[in-house]
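Quick one: this structure, given as structure tokens, is what I'll be asking you about.
Going in written order, the chains are labelled A, B and C, and every chain counts its residues from 1.
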Amino acid sequence: MRKLYINGISSISPQNEAIFKGSTPQQYENNILPAQAQDYKSLLQPMMLRRMSKGVKMGLFCAKKALDEAEVKIPDVILVGTGQGCMEDTEKFLSNMLESEEGLLSPTSFIQSTHNTVAGQIALDLNCNGHNMTFTQNSVSFESALIDALLQQNDQNIKNILVGGVDETSNELTGFQRLDGQIKKEGHRNLELYSSQTSGTIISEAAAFFALGSEKLKHSYAEFKDVEIINSLDEKILESRIENFLKRNDLLVSQIDAVILGKNGDIRFDQYYDQLQNGMFSATCQLGYKHLVGDNNAISSYAFWLASKILKEKKIPRIFKLNALNCARPRNILIYNQYLGRNHGLILLQDL
Amino acid sequence: MKGIAVTGMGIISAIGSNLEEIYSSLISGKDGISYPEILATNHTNLPVGEIKLSDLELSEILNLPKAHFYTRTALLAMHAIKELLKKSELAQFPEDTGFISGTSVGGIDKIEAHFYDFQDIVEYRKYIQAQHPGFTTEKIAEYFGLTQTVTTISTACSSSANAIMMGAQLIESGRLKRVIVGGSDCLTKFTLNGFSSLKILSENKNRPFDNDREGLNLGEAAAYLLLEAEDCIKGKPVLGRVKGYGNSNDAFHQTASSENGEGAFQAISKAIKKAGILSSEIDYINVHGTATRNNDLSESVALKRIFGRNVPDFSSTKSFTGHSLGAAGAVEAVFSLLSIQNNEIFPNLNFDTEMSETGLTPVTNFQKKKIRTVLSNSFGFGGNCTSLIFQKDA
Amino acid sequence: MSDLHTELKKSIIEQLNLEDMEVSEIENDEHLFGDGLGLDSIDALELIVLLEKDYGIKLTDPNQGKEIFNSINTMADFIEKNRTR
């Protein structure tokens, strides 16, 4: 089987990328975390930029940066995971339609409301005719895109795959998530997420994109080994499912050097992670990220970014650590995430 | 390479609630285009391909408890998959069955209905998650006890064609043994007004490939196929095989297709190459044929680029069903398989005059013909172009 | 320059999100599409909405737009002749 190397990465989130170098983390208190502002004009044409919602901007910007780092002009494949899709434009068209009672409507926000707007805009900007796919499956949206990456690389002609995750927020539609218990009721400091004793989480907007290549470069980050999604699963069999996943990749639990957990401070569902922390991975270095960047349907792409950084730079910044265990030479990193007890995703990365 | 076996199918659309009804409409040339009665819209002058069953009626057919929270897209999908299950002679789907659903609309019907209620009315808040298409997929999965590989593809009007392609690849790669693939989309005010704002809806019955075509009619439908690996078939009848597939991006415009039909051209080329056949082996094309000025012209150009003077028999069955967006690819996959099984071509209705630019004439009458290989096209917003090739088993 | 010309430029900038543009930067006879201002077919649809909303003019055939939306001058001419409000 051909290998897939991570040759370029880029992330936009509520934290600056420099957080990996130890910069002071951004703090938020109102449970909906905005992404850090970027100089979008530096990479995107103004005539294109004028119509773009935050998600499209973030996605295209990250895509270009990741490709640039991998020295790829036009990838063979573009894959995007986005759970909620283009919420801003959906909300705009929807509220105009409802307010005008189906009156005269301007089409732009409708055009941009389709879930594949980000992937389509990337193709348009890069003039890329390749396979172009968008996955929208809750917390495994990005993982689904990774599955497609593995499928596409079975084709010997495919050399470079762009894959990413992006989700934006919008006033009303994200606001509704306060009403149905997805977002915590009381304002909560993000850095204290894990000590929360309440239900719900903190929601954010973010994007992370990766240039995967069949050839290893001098500056490659890591190898993307495998991915699996499980729609629903009893807590009791989580450990055995993880063991099977590792076995498929010729690995034992003890060979996992660090596990990145999608813990999000929702007391109703964090037991999936607690169980792993106290069970099979109790002797493993454990990391979390949602206290920094919040949660959304494509946020596991941030964990993928984090794992890539760790495997390349061979260090684990303290701010991400959930326990006191160290790991001198990280080789294998497992990412596990779920949302509301459904849509479980496993991703495996290995150093070079 | 034999291609991936299709061992089951189920469908609901404006021309019938199951395979038999739909087949009978197709052979008798009976379209399902009418004015909206179930969808509560002001645009009562816009013809649609509507399924004349309310959410309540669908719920009763599916024996659902009163207090359920399925979106209409989910209800349609469940109706179609139930037929698939029944005809497959399985009591239930085996545990390792995967599920890949294509949808564009998802649960927007519930969001537009309750947008102003969520703040005050607690019981509607269960629909807040419906904005996310995966919610609809998850509800369907729950109903059939599908717990493993479950995901949603949302690439506008090619969504379910892409789901079929991905399912075939998952089996080919050995990652799955068995997978339900297809898609579902219901009519909503959101999409009807959206397409209306783009000025591409016709106030008359749609006329694919006609020189005087005026635009599309929106439709709703759900259709699913069961794909199985060779070692699962065990003597079961094989309805046909997914022999080739290809996706390509037009990379031209957010909604419009390019003048030279580049995306379509590349998608068809990839599918032919994957199938390992000559273009001359294609007996029939179920074209995307939305009946918009832009699509049909661009698609004709692509067909001429591929087939030259020998464009195979083709028709757009959207003249029967309307354009069911994310579900269209799967609906037309089922029609393609029916063509293969019965050696028949279903007509392109409402056609009168050939397009002045390309002069292509579709099949306008029901036709008997030996059909072994069918090409089915599905193109969507964001330049997303997908072609599938189905072939008779053995 | 008439008030209508200025009004049109203002609404085009607003409606089409031409954030970095000033009214003074759009010439009356400049091509709005292609090599001029660089508008595209999505903008054309927005301009059709603008005609209807602000001036009560309903274009039934989107192809009519091509000539009307050639420049600010042609748009203003068409509006003067056809406006219902």
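Things to note:
Assume contacts are C-beta pairs under 8 Å (C-beta built on N, C-alpha and C of every residue); 3 or more make two chains touch, one makes a residue touch a chain.
This one's a predicted model, so the numbers in the text were calculated from it and none came from an experiment.
Viewed as a contact network, the protein chains are fully connected, with every chain touching every other.
The chain pair B-C and the chain pair A-B differ in C-beta contact count, and the higher one is A-B. Look at the CA centroids: the one farthest from the centroid of chain B belongs to C.
In terms of their C-alpha centroids, the spacing between chain B and chain C amounts to 38 Å.
Work out the mean CA point of chain A and of chain B, and you get 30 Å between them. Contacts with at least two other chains are made by residues 105-107, 111 of chain A.
Residue numbers of chain B whose C-beta contacts span two or more other chains: 197-198, 253-255. Shown for chain C are the residues that touch two or more other chains, namely 42, 45, 49. By the touch criterion given at the top, residues 15-20, 38, 42, 45-46, 49, 52-53 of chain C touch chain A in their complex.
Partner chain C is touched in their complex by these residues of chain A: 46-47, 50-51, 104-108, 111.
Touching chain C in their complex are the following residues of chain B: 197-199, 253-256.
Note for the complex: chain C touches chain B at residues 40-42, 45, 48-49, 62.
Across the complex, chain A meets chain B through its residues 78, 83-85, 87, 90, 93-95, 97-98, 101-102, 105-107, 110-117, 119-121, 123-124, 126-138, 140-141, 144, 147-148, 150-151, 154, 172-173, 176-177, 179-180, 182, 229-233, 297, 342-343.
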